[in-house]
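Please read the structure below before turning to the comments.
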Amino acid sequence: MKKIAVFPGSFDPFTVGHESIVLRALDMFDEIIIAIGYNSEKKGFFPIEKRIKWIEKVFEKTPKVKVLSFEGLTVDFCKQHNAKYLLRGLRTSSDFEFERAIAQMNKKILPEVESVFLLTSPENTPISSTIVREIYKHGGNISEFIPKNMIIE
Amino acid sequence: MKKIAVFPGSFDPFTVGHESIVLRALDMFDEIIIAIGYNSEKKGFFPIEKRIKWIEKVFEKTPKVKVLSFEGLTVDFCKQHNAKYLLRGLRTSSDFEFERAIAQMNKKILPEVESVFLLTSPENTPISSTIVREIYKHGGNISEFIPKNMIIE
Amino acid sequence: MKKIAVFPGSFDPFTVGHESIVLRALDMFDEIIIAIGYNSEKKGFFPIEKRIKWIEKVFEKTPKVKVLSFEGLTVDFCKQHNAKYLLRGLRTSSDFEFERAIAQMNKKILPEVESVFLLTSPENTPISSTIVREIYKHGGNISEFIPKNMIIE
Amino acid sequence: MKKIAVFPGSFDPFTVGHESIVLRALDMFDEIIIAIGYNSEKKGFFPIEKRIKWIEKVFEKTPKVKVLSFEGLTVDFCKQHNAKYLLRGLRTSSDFEFERAIAQMNKKILPEVESVFLLTSPENTPISSTIVREIYKHGGNISEFIPKNMIIE
Amino acid sequence: MKKIAVFPGSFDPFTVGHESIVLRALDMFDEIIIAIGYNSEKKGFFPIEKRIKWIEKVFEKTPKVKVLSFEGLTVDFCKQHNAKYLLRGLRTSSDFEFERAIAQMNKKILPEVESVFLLTSPENTPISSTIVREIYKHGGNISEFIPKNMIIE
Amino acid sequence: MKKIAVFPGSFDPFTVGHESIVLRALDMFDEIIIAIGYNSEKKGFFPIEKRIKWIEKVFEKTPKVKVLSFEGLTVDFCKQHNAKYLLRGLRTSSDFEFERAIAQMNKKILPEVESVFLLTSPENTPISSTIVREIYKHGGNISEFIPKNMIIE
């Protein structure tokens, strides 16, 4: 059976930290679906179509990686795509508390899905979408914090 | 003197975790007032009247437990009801940091009120109103996470 | 039925933080047993007989408070003394993680015992037996960190 | 070369905790600029002009301290004012996680600026602008939590 | 290429929490080596030969799982066994801080080894070898905290 | 008045993380004393004379930096050397909790001494003396984790 992992997030925007998690998980799975959660009430900063396009560009030479958007519960999305793994990156211990609650609840709703965590590398630990977005909004240079071949336009 | 405890929260919605805290505190106090904080600016998801009705149903056979709503400072509500105890459940260490600040500030404002903490049981630790509400919004089944005789309608 | 709480610890030495927890819990219980855990392998710094004597002096005018030592599991001690409550003070979030594990395990072993937590007051938060002991060992003045009528000799 | 530190924040309102950080840092620097971040989208509770005026009053006899508002990235503000230090107070470990990410990102953007942290004193640890603001909104007395000569009007 | 994961620890003793991590990781890897770290200076409580034998019994019907002991650096052990994955369970946020430091250092020493984390389930979160050992030492019943077919003798 | 900072620790061994803290604090102070705490009961791994010699070598061209050992309370050492600042590096949030308690206690004992914290840079965050020592003991290569011109022999 194909080992499919879903890597869910808002990726607003996708950062070098996210990229590094996907690259390091590549060998573990047969397919990784980067799943951009869409929330009709909370639209986010960058349009969701752009986020998809930008991430697709990052992985254009990595056929194992797909980029999709979804609305609703992450576990429902997993079920729909026969994904048995939820891939997540851990940066800080406050991340951890939050991720643990989400993962344990997902497990209660859909026990066959396992959450798998990788750590961001030390140099990527301070980089979060929130901070990168703030820098961008204030006209700062974010090129160091997003994947090399990702062009924000 | 009657030992009265106030269990404040937004309970949006009340979960099995909250229920368990109240049940385990029952023997310690003569009366427990479940106090739903009402905020005219931030209305919450479920209407406050429904939240009250639902919780009342959960404790309909437990005369020691009252359900009330309030606006304003929690310590003012305690004073008004001669409650010397503030009851709170602790789930995670991020909860703890927040609860500690609130409790220590309450103590500075009204020193005669003591904050008393119980722990959620391990299986209830991941369950928070926020996550339960998200599941509900996305059409997921939340019956496992709310008290058995509580009917959301 | 008498409400008995056990306040377990090594109290090596007993600090103003510990004293404050006991004083603030006095109204909640009919009896508080300060229970000094004795470990034949790890003897501690101050002799256990002295620790008992010092704490007894602190509460000599508070008949509700008893001081005892014990060896073995805390829950066994509770059972033996018909105590339904375990009283603990919480200082920091690292304390919390540890206390939560202990409390949840105690609950699994003896479900009828409830762990009840109070917070140390802000000014007592940095005071731990470990630090007070270090100051004492190096000849520092610890009188500010131990109860007023407690004489270390 | 003049040692200039920027103490950035929203100070909505400025508290005794903030005041204590500035006072304790006075000897370390030749000038401290209290820099109120202005965000055109998120206006804050107290008007920014009032926040400036109130803080200026607090330090009217301390010529080393200046009060300014700014929009944009904190590091850009530092550059503009030749400030090589970013001064921040640390209260809790959740503060810490957040502050660390911000400081490490600032360092990546402008390596010559160093973030310097002081701790709030124990009695000020629970005091945050958020809680003080909540007390104020509900008509509570906040005079204990703001600098003595600061008059909110 | 065979996907081999090393699950390192002292397992003094192996708990239901450890068992659950191994069982849930089974599908992800072709082989899991439970690697008991041996430290000639710090001998541990249960003899290492017994720990090996007990764990082997737990997985006697799971050929994918091997049990070995090792001395020295975990990454050296991984290299020797062609393991590209280090499997670890995460319980609490203090666990997390520690595990992150270890994992990031391992990555610096041997970049081709990836640390993969699974979460303990909520009911197993409070269970640590340290606490189980303490209960055992004091004559308590630990059968609930160790794998069903593991016999401590 | 000369601004003197004490940077206390066991430095067993001194790491690139420690070095980076000293270098980044150089401009803030007129003198930095690296103070190796000596504990007659807990001797440490590397002999204290070697630790001193190694660190002296690292800063042989930095006259502002002195290396000394001391026994007793850190605040007493500060008093003796007219140091008004205690310099510390912060790595993780568990570090923070511990450092906060120590710093607040030091402040209670000697209010004129201020603890000043710098953050380790992201790439140094996982590096602690404990882990470096473990790698060394097991024959691993630690040259990446200690200052370039520091020779362990």
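Letters are used for the chains, namely A, B, C, D, E and F, taken in the order the chains are written, and counting of residues starts over at 1 for each.
The definition used in the following text is that a residue touches a chain if its C-beta (ideal position, glycine included) is under 8 Å from a C-beta of that chain, and two chains touch if they have at least 3 such contacts.
Everything quoted here is computed from the prediction, not taken from an experiment.
Following the contact convention of this document, B, D, E, F is the list of chains adjacent to both chain A and chain C. Both chain B and chain E are touched by A, C. Chain E maps onto chain F through a rotation of 120°, based on Cα atoms and reported in steps of 5. Farthest chain from chain A, judged by C-alpha centroids: C. Taking the mean Cα position of each chain as its centre, D sits at the greatest distance from chain E.
For the pairs D-F and A-D, the larger set of C-beta contacts lies at D-F.
Here the spacing of chain C and chain D, counted between their Cα centres, is 39 Å. The centroid of the Cα atoms in chain B and the matching centroid in chain F are 46 Å apart. Chain centres here are Cα averages; for chain C and chain F they lie 34 Å apart.
Contacts with at least two other chains are made by residues 92-94, 97, 100, 103-104, 122, 125-126 of chain C. Listed by chain label, the pairs that touch are A-B, A-D, A-E, A-F, B-C, B-D, B-E, C-D, C-E, C-F, D-F, E-F. The part of chain B that touches chain D in the complex is made up of residues 71-73, 76, 94, 97-98, 100-105, 108-109. For chain C in complex with chain D, the residues that touch the partner chain are 92-93, 122-126. Chain E contributes residues 92-94, 125-128, 131, 134-135, 138-141, 144 to its touches with chain C in the complex.
Within the complex formed with chain E, the residues of chain A that make contact are 3, 24, 27-28, 84-85, 90, 93-94, 96-97, 100, 103-104, 107, 114-119, 121-122.
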